[in-house]
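Chain lettering (A, B, C and D) follows the sequence in which the chains are written, and residue indices restart at 1 in each chain.
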């Protein structure tokens, strides 16, 4: 177990190192830098001013120096200063994380609490009209562009209630807080709920064919007992994996949803930072996301061990 | 010394009358004005910015020496009002402009405002001070200024190389606030300190900008508002939905396109909406240094093929203006009259005749129905740029030119233009003040940084100087028209149209005036109030 | 025939079919047999002959679709199982009739503790508290000779060896003292050394509890060791039925003869003969396109014209020795 | 015992449809949703190929006189703010969506197969490196990667295809690698090895064909999501540039402003995207059921 953990940890570090290189290089390949953007906003380019600014920000230095400067800072928790706001990058990033985390958490909750039960229902009623209906709904969840859905929701709510769920940074009541996040979370969560449902369904179908299900029936167990006590507990594993992976993919959905619903979370902030070529923000934020993803994957593997007594990491 | 103290006093009086006239009823004190902001400005420093994304939220933090009357829509030399300067006067040779400064004004951090601050600000703008602006887009405005001198704590003079009446216009722009000496340019970017009606509270990038009432504002009883809060919403449809749903008291100024105005009117019939020219021209930058547009015939043909009315019809449902470099009348002060405008090739009313002529020019250059000219039209990846470019490409089809849109990201746009790595570019030029000096020198003088096309015509340059020194407006106007016409005929930077845009606010918002010939100067908001 | 009250199971003319995309598949075709209290009936045949489907039919666990019991009756202790509704059938399953499956590795729920799985079986049919049921589970584990039963009860299937798991399966199946136990190839997947132990255990417990046993196997050695009577199935049909002694002494069906061909000497009961089935030339016919006549005829050395035209009826060749062959009497001589 | 209609039961099981058209027809009945998906996909592909004949107007021609016309007989889906016919644009947009969908799936799939095969077959350090690289790619959010890629490459059709294809590679290569690893141990591969077949030949002749089913399943599943990714990129302003009628671009921010004054500008392209993706997903699901016996339900 210990050896396994050490190995996993090492691989995680290797992956993170790779990500840091990839994101660092990608950003430098993207033409233009913050100075170009600042001058674009100012409507002129002055080569001398530009060179000065680049020197001031340190983006005139050799790549290896820049990389070392960044990564050593990141490891120490020193994220540098945002090129745009000139505030500490950490201070820019941190307050936005809980917003996105809440949104993502709610979306995942939505996805799990709707996707798993519907997936089970669909599987145990395989081939019935109910199954078909649920499958069509779930597939449509995977087919609707989330920004389109968000836009329609917004428009409909203004048209019908004269109100719209726009982000409220300081909700007064619990209800307000819920309203702030629920609708956008539903818009993102619809897709992952659909995905969760599909995975649950196929996982359930797979499990329902297993010998031990027959054993359970041979004991005289009822359908409900077979489906929930025996099958679901086994079928949940792949679902956990998918929810874990989906957590990473959720970022994509969050970007457009945060844009449509104007939620000042990290996802939209990341896109803006890419647009501004704000290296300290983009690099550190992407690394943070990568750390979350890598840790999430690791957690999923550990959860496997909890849910599946067969798995003991000894490798 | 020709005194204008009297004039200044009269002007000060008219500020009072104008404001009382425009504000129906007794202004109510209090309330926070909630607006949305169209994007996240790079920083809070107006002197370093070149977009009204900075001006709108932060103009209220500052004062100028002089300012255009905030309640007269058309900025003109007649609407200049004193602000931090109590009065101003020109020397007899018109080469020295002296301001008497207001006393007892305090910066938001409590330090007193003096003439040193004025000198600091303009030395900073002229690049003469120890500290440097990270960017200084309007350095050229002060190219005729020799130096700034102070005389005691409350008098300051601008010493000019030659007479330049337009200097006052530039000093009155929202782009020309007075900065405090004791705050570094870097700090001004993150936490601006001014003397204005509103104090800066916070600016969260991509999220919000908050200002609060300055209780020690030197204009007693102002501002009426307790504060202004901007929520940054880059997505226009979301922003408009939120305004319609009553989440905001006011839209971002001049952010509502004409087609969307109908939408707001139908959804929020009580809202007040005003449509005014923004003094932003949409134009074509032509790379005349390389093929194919080094050929004047092809340049002319392109200019003649433009169906300006179609642009205006499609993008503005007819509500935009066609003119030359200067914003056309009646809102524009310096624009050519219609009859003069129509004598310029391509501006004539007979489109078919123009296009026939354009085709002939193209054939002369060796192109025709069987031999089309392939052209790339570069533009920025912003709807305001992209949409006219799409129309342009469609129109060029009529004269054997096959255009392809080349969408360029903001970061790459200016480097690309500077490299001359384009054939045609669709460009927007915003004029911060409706003034020929600002427009001509900035965009057309040899070596100017914003003269993207590097158009350089020494003869015209001389004419620039002539009109610039003319103090009599009536005499200056024909000079300006002549220059404008010449610029269009040279196809220096063909102007397609001058945009208009709408601003809407809820009926209880009072005291807002949208400027009709500039979208950079009207956001002091000290006497805006909420009637609720 | 023995006393009617002594009969635990009476299967008559059982017919189970599968509707597949290649046609109708008669997996069990008109099969009848009985099992007495404490008796062991072995069903033998090659894989695919319908013996497992017969077992599942008895449990009414044939997956539908595609399978369906379409005819006959299954009488367990006088109750016709085919007439019960699903809820009534559930009350019987695991209670009066239980089954042990071939694969101990996959037949236990991997994420449930062994004890819990037995407890579930008990509590489905007995009104016991979970503690009492837990005690029963440990008791059952002890009964199947699992050392340290209390500790094992708290373990998961993967922590047990194959043999242990099969013991646990047996414990589960017998937890409610069923009248009939069906063991579908219970030892096939196990090591040879374990096989005998498990078999011995089943027989011991059967004796102890007086349970009727249907043992499904393809291993004639096992049959000789354990069963009192044998049914031989081929292509979904019962082709021969006899007491073990009679069958081994003189098989009346060429197929049975073929099955025995690999065994060097006729084994005597009680002596382990780890003989496997010999390959009979040819292949099992497709159950969809069965010949009109005897299904074994194409592979049969004794086949005559009549075999192909007419299916031979099951006839009693003396002493309850049934066989479906036109030349039953000649089988024993043709070696 | 209730009487049983054997014929009916057998028909239900598909016994009458043993080959050719009858088999196809049966499968269509069995997988109604999949058949619907196939029809949608066929219409979609057909539309893309014959866009020039189906569209009633040139999708690029601007007509100020007809701007923002409501849906009518002349303009079935109305016109946009430039007076361009929305129906014609959607028809032509199918081409772009199809090009992006197929292009990036094919590109990502091909590279993924090569990487997966090499990685699974050679194992050792090659495998280790590929595995880490795909770890890296998978830890980066797909849309963020695509965003940076399009920013780096510039917005054009080929670049969008590349940007969307790259994040696909690890997904495909993982599946192929897993299959390859499993297949390597199988007797027929061992046999091929024993008769002296070269490794490359074994990989191409024996291993690859056997990973085809999961590959096809994966590819159809990805087809839909690539179309969605393109739409999201365009929505964020980084997809296929104007004036090409990409569906995502048609739905982008500026079009969204017309959601109430000219809802047809928003509704029809949205339906087009959803329908195409829905079709691809339905078809992919059915294909998985048919081709991947393990998943068959």
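Basically, a residue touches a chain if its C-beta (ideal position, glycine included) is under 8 Å from a C-beta of that chain, and two chains touch if they have at least 3 such contacts.
Owing to the predicted nature of the structure, the values given are computational and were not obtained by experimental measurement.
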Quick check on this structure: which chain has its C-alpha centroid closest to the centroid of all protein C-alpha atoms? A
What's the farthest chain from chain A if centres are computed as the mean of the Cα atoms? C
Between C-D and A-B, which chain pair shares more contacting C-beta pairs? A-B
Please compute the C-alpha centroid of chain A, do the same for chain C, then give the distance between them in whole Å. 53
If you average the Cα atoms of chain A and of chain B to get two centres, how far apart are those centres in Å? 42
For chain B and chain D, what's the span in angstrom between their mean Cα positions? 48
Residues of chain A engaged with two or more neighbouring chains: 30-31, 151, 155, 259, 275
Which residues does chain C have that touch at least 2 chains other than itself? none
Using the touch rule from the top of the page, what residues of chain B touch 2 or more other chains? 235, 237, 267, 409
Which two-chain combinations qualify as touching? A-B, A-C, A-D, B-D, C-D
Chain A - residues contacting chain C, complex: 210-212, 214-222, 225, 229-230, 233-234, 307-310
In the complex, chain A touches chain B at residues 30-33, 36-46, 49, 52-53, 56, 82, 84-87, 92, 151, 154-155, 158, 162-164, 166, 169, 259-262, 264, 268-269, 272, 275-277
Seen from chain D, its contact residues with chain B in the complex are 60-62, 64-65, 67-68, 81-83, 151, 154-155, 237-238, 241-243, 253-254, 256-261
In the complex with chain A, residue positions of chain D that touch it: 32-33, 132-133, 135-144, 147-149, 151-152, 154, 224-225, 228-229, 231-232, 235-236, 248, 251, 256, 259-260, 266, 270, 273-275, 277-278, 281-282, 285, 294-295, 297
Residues of chain B touching chain D in their complex? 235-237, 240, 257, 259-260, 262-263, 266-267, 310, 313-315, 381, 383, 386-387, 389-391, 393-395, 405-407, 409
